[in-house]
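Listed after this line are the structures, all set down as structure tokens.
First chain A sits with chain B, and in the next complex the same chain sits with chain C.
Our next item is the complex of A and B:
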């Protein structure tokens, strides 16, 4: 129950105050839903990805991309087909398969989805979970609620880690390993994944009472105010970082707003 | 006699989840247990696997029956708290518990946060928390890992982290469930010094390292058949060894041709009969590697130097047992993952029978029993678990049933039992049994002996090499390694090398 998504580093993003980083994250997420030009939206997406590559590395950014790849594939496959009024781009006999409007809508939705995903991922990957909790509490979230958020963020990668360990284990136990690799159908591939998924589920479910047991055994539930090992300093630096966090989306709005 | 811990006529049975009745119970794990511990006393409770050590430890920590359904009768008092009326969080100051499987217990994103968590719960001022965290990190050798995620620590480092948490809180009663396992010899000594040098009351549940425990404790108990009895150290140790003359050996000797049970193995330090192995048909296999190196970073912390492992030469022949020892976090598991083809090395080659071996060849030839058996057990019953690989190999059902039945007899497993509710030791036996059926020419046993008695561990090794398999035995127990291994390898400062004979 221990891993989190934080990737250690020393870049600018790591030095940015977590409270300001959370604010910037929320404002940028909102910004993607404002009426901004499509080119502007994609430029910002590229900017976020570039900042991510510089901070947490290309590999980590690529892994984030891989997690959303299936969703992007669904978007590309189904959204254009759903918007068939407008200037036709792809026609099969009497059926309009894709239109210019459908394509633009797909690109718009994809920019929002990719943008929001990378902004959130980058925030979480460049900020220790303890500091995210403190920032959330600074914004007024009760301790228990911030703990739930923190545990939720840790639980997802825990399952991912367990999945990977279990997959390795089954790789060693499976006598048909790599047999027919590349020739298997989806049903067969899914069938092969079933034991791993089942094990990951068992490990995850076992972790739930262990987590509760451990929390209570470490005094979670005691009456009285909890103290905090980590603190977030309040200084001019915080003011500057909050100002930068506010100004970035505002500047982007002035640059790319549709007028 | 009333002391800091007092248990009177306590019995406990787990809920029977296989029954349709909600109030159905399994046979009692603990039956009419009485225990009284004086403040500052040190007690060692020995128990064979599946005797109820963890259950008793968790009852003392106030975690059972709250988190594991069952019926508890009798009275349990710890430091004046009646545990039937006390919530676990009220016991932070008076009762600390270190579990057998550390990963279950770790909740915080970094080592320092893990240590700080209970101190924050207690409302300790920040400067005090900083002082306690620093002291605990230093005491348990975790300073360089303070920002590391526990997921990235080795098994022994995780155990040290749990001990560091305990040390920082410093409760009146320490309950240590097989806490010496997973630790290398220097940390075992450190733990022993720690519990003997303070005035806390300690209850250590153990099944190994009896020689290291000799003369240290005030009281010696034996938990067996649901009963807890106390006595003289020598009598308790003798009775424990008698109980541990292993169920495996007796049945194995009947069932596996060429198998000679290891007699007198429980103490490990004494003479051990040589392991006899059936010859594998065909030529003798040889697994080797040359000039292998691996590098990895902990992603949760900025490291000045990445972890490196260098293996100039390594070889393992069919039928031999080779041990690999090294301090916690030295790279034993990293090497194991390379050797069975789960990870790729930065440089170097692996060979099987002098041919370069691909990852797939290594996957098929080397069985790797992970340190944590739960990653290798996933089906609802023991029978299904054992049959899985055979089914995948498309073996006829009748033959599967035969092999599974025989294997369950050998490893003393109940085919209808649910693995997730079995004890840690039995889960390890099941893990070994699944690999026994795979009949690989090589096995890596990553701290197989942890939480098992010597006799059980000996027998599991014996069973796994029944058909001439070569074994790489990873262990922190030098004596166990010496008793079994033909050759020894060690890892020191990132270099894996063969140990000189007699070293």
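Our next item is the complex of A and C:
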């Protein structure tokens, strides 16, 4: 199980300050909800996809697209038929199947969904998780909250590994192991999971006291603590990057706003 | 031991507990996945309900919300992370508050009747289904698509409540010190 979504690279996005990148991500997500023209929204989506292909590669972008493909299919199937008013486009006898307004609404929601998805995915894939944490700290995320996230990331592989080992051990105890997986019903499968889940939880919870003790030994909660987070460098480059992050959505707004 | 050191020990224990429960929620959410239109059905609700039934409302709120949001980020469904944080966080908080007995912080020791736990679970299911309908409908996919997801969300959280309840009882029996970790 992987806990790192970062894709190594050297493009423009990678040289952008993580704090500015987070700001740009939030502003672009908000931008997609503003009253902008449909063509403008899709142009921005294409721009984001192009930036993604140049930065993290076509394969990664396609993988992201596959994750949203079922949702897009449902949007095409359901939204047009729910909008009954407007100019009919598709008619079967007396029944209007799709209208121009329905089609436009579908395209609008799809542009928003695809845009937000690729903007978020691109930020996560082009920034190491550690840098995202430091950027969030810069924006004021409390020390304790940062520590919880960092510790959770540290323990995810351990718990995932324990879970897999416990699952395999329990599976070996099944007398009908050679008869194949497909024969059991859902209820039986869920019932079989109970011992695995219980054991995995007990193993995980046993780590709590020792982790708490480690934190105390590091001086957690006391004056003169022995650990602290790195602080991201603040320079003119940060200012420039933050300025660019703010100006991109503003410029796009002036270009594509519906007046 | 000074009073200050004692309180810092308590904070360290709480922080460690929340971190581990967050990691558990991420693992349970990511390890078993059945694809749907919204993303996937998973066992994250089992971890959330287990936390809510076993520990206090705040551990449940943070671990449930943060765990599912982190799982969304790591699985490539980053656009769902804020909605998951709020919906699952509130789900865990409400379940934990409803099962918390009048004894307050001693809830881990008190016997909570089964009907109350079931009622809390049903409230949690309603929050998940309603939360994703409103959040997904308003912010992501439109209400007609979000409505299609309601049965899947109800099924996922329903399985979570049943397994979470069973696992909570089993863990209390298998690892009694868990009772002292509630806050």
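What to note about this one:
Just so it is clear, the second predicted complex is superposed on the first by the 168 of 259 C-alpha atoms of A that agree within 3 Å, B and C clash if a C-alpha of one lies under 4 Å from a C-alpha of the other, contacts with A are read in each partner's own complex, and residues count from 1 in each chain.
Going forward, a residue touches a chain if its C-beta (ideal position, glycine included) is under 8 Å from a C-beta of that chain, and two chains touch if they have at least 3 such contacts.
What you see is a predicted model; the values in this text were computed from it and never measured.
In the overlay built on the shared chain, the residue A:235 is in contact with neither chain B nor chain C. Within the superposed three-chain model, A:37 lies out of touch with both chain B and chain C [touch as defined at top]. Looking at the shared chain after the overlay, A:163 reaches chain C, while chain B stays out of its contact range. Once chain A of one complex is fitted onto chain A of the other, the partner contacts of A:152 are limited to chain C, with no touch recorded for chain B. In the superposed model, A:128 lies in contact with chain B only, and not with chain C. In the overlay built on the shared chain, the residue A:10 is in contact with chain B alone; chain C does not reach it.
By the touch criterion defined above, A:216 lies against chain B and chain C together after alignment on the C-alpha atoms of chain A.
When both complexes are overlaid on chain A, the residue A:172 reaches chain B alone and has no touch with chain C. Contact with both chain B and chain C is seen for A:206 once the two complexes are overlaid on the shared chain. Across the two superposed structures, the residue set of chain A contacted by chain B and also by chain C is 1-3, 151, 154, 158, 198-199, 202, 206-207, 209, 211-213, 215-216, 220-222. Chain A contributes residues 1-3, 5, 33, 63-64, 67, 70-71, 73-75, 78-79, 81-82, 105, 109, 112-113, 116-117, 120-121, 123-124, 144, 147-149, 151-156, 158-160, 163-164, 190, 193-194, 197-202, 204-209, 211-213, 215-216, 220-222 to its touches with chain C in the complex.
Against chain A, the residues of chain B that register as touching in their complex are 61-63, 66-68, 87-92, 97, 103-110, 112-114, 116-126, 129-130, 133, 147, 149-152, 165, 298-302, 337, 340, 342, 360, 363-364, 366-368, 370, 372, 374-379, 388-389, 392-393, 420, 434-435, 438. Here chain C touches chain A in the complex through residues 4-5, 7-9, 11-13, 15-20, 22-24, 26-28, 30-31, 35-39, 43, 46, 50, 62, 66-67, 70, 73-79, 81, 139-142, 144-145, 148, 159, 163, 166-167, 170-171, 174-175, 177-178, 181, going by the rule given at the top. Residue ranges on chain A touching chain B, taken from their complex, read 1-4, 6-10, 128-130, 150-151, 154, 158, 161-162, 165-166, 168-169, 171-178, 195-196, 198-199, 202-203, 206-207, 209-222, 224-231.
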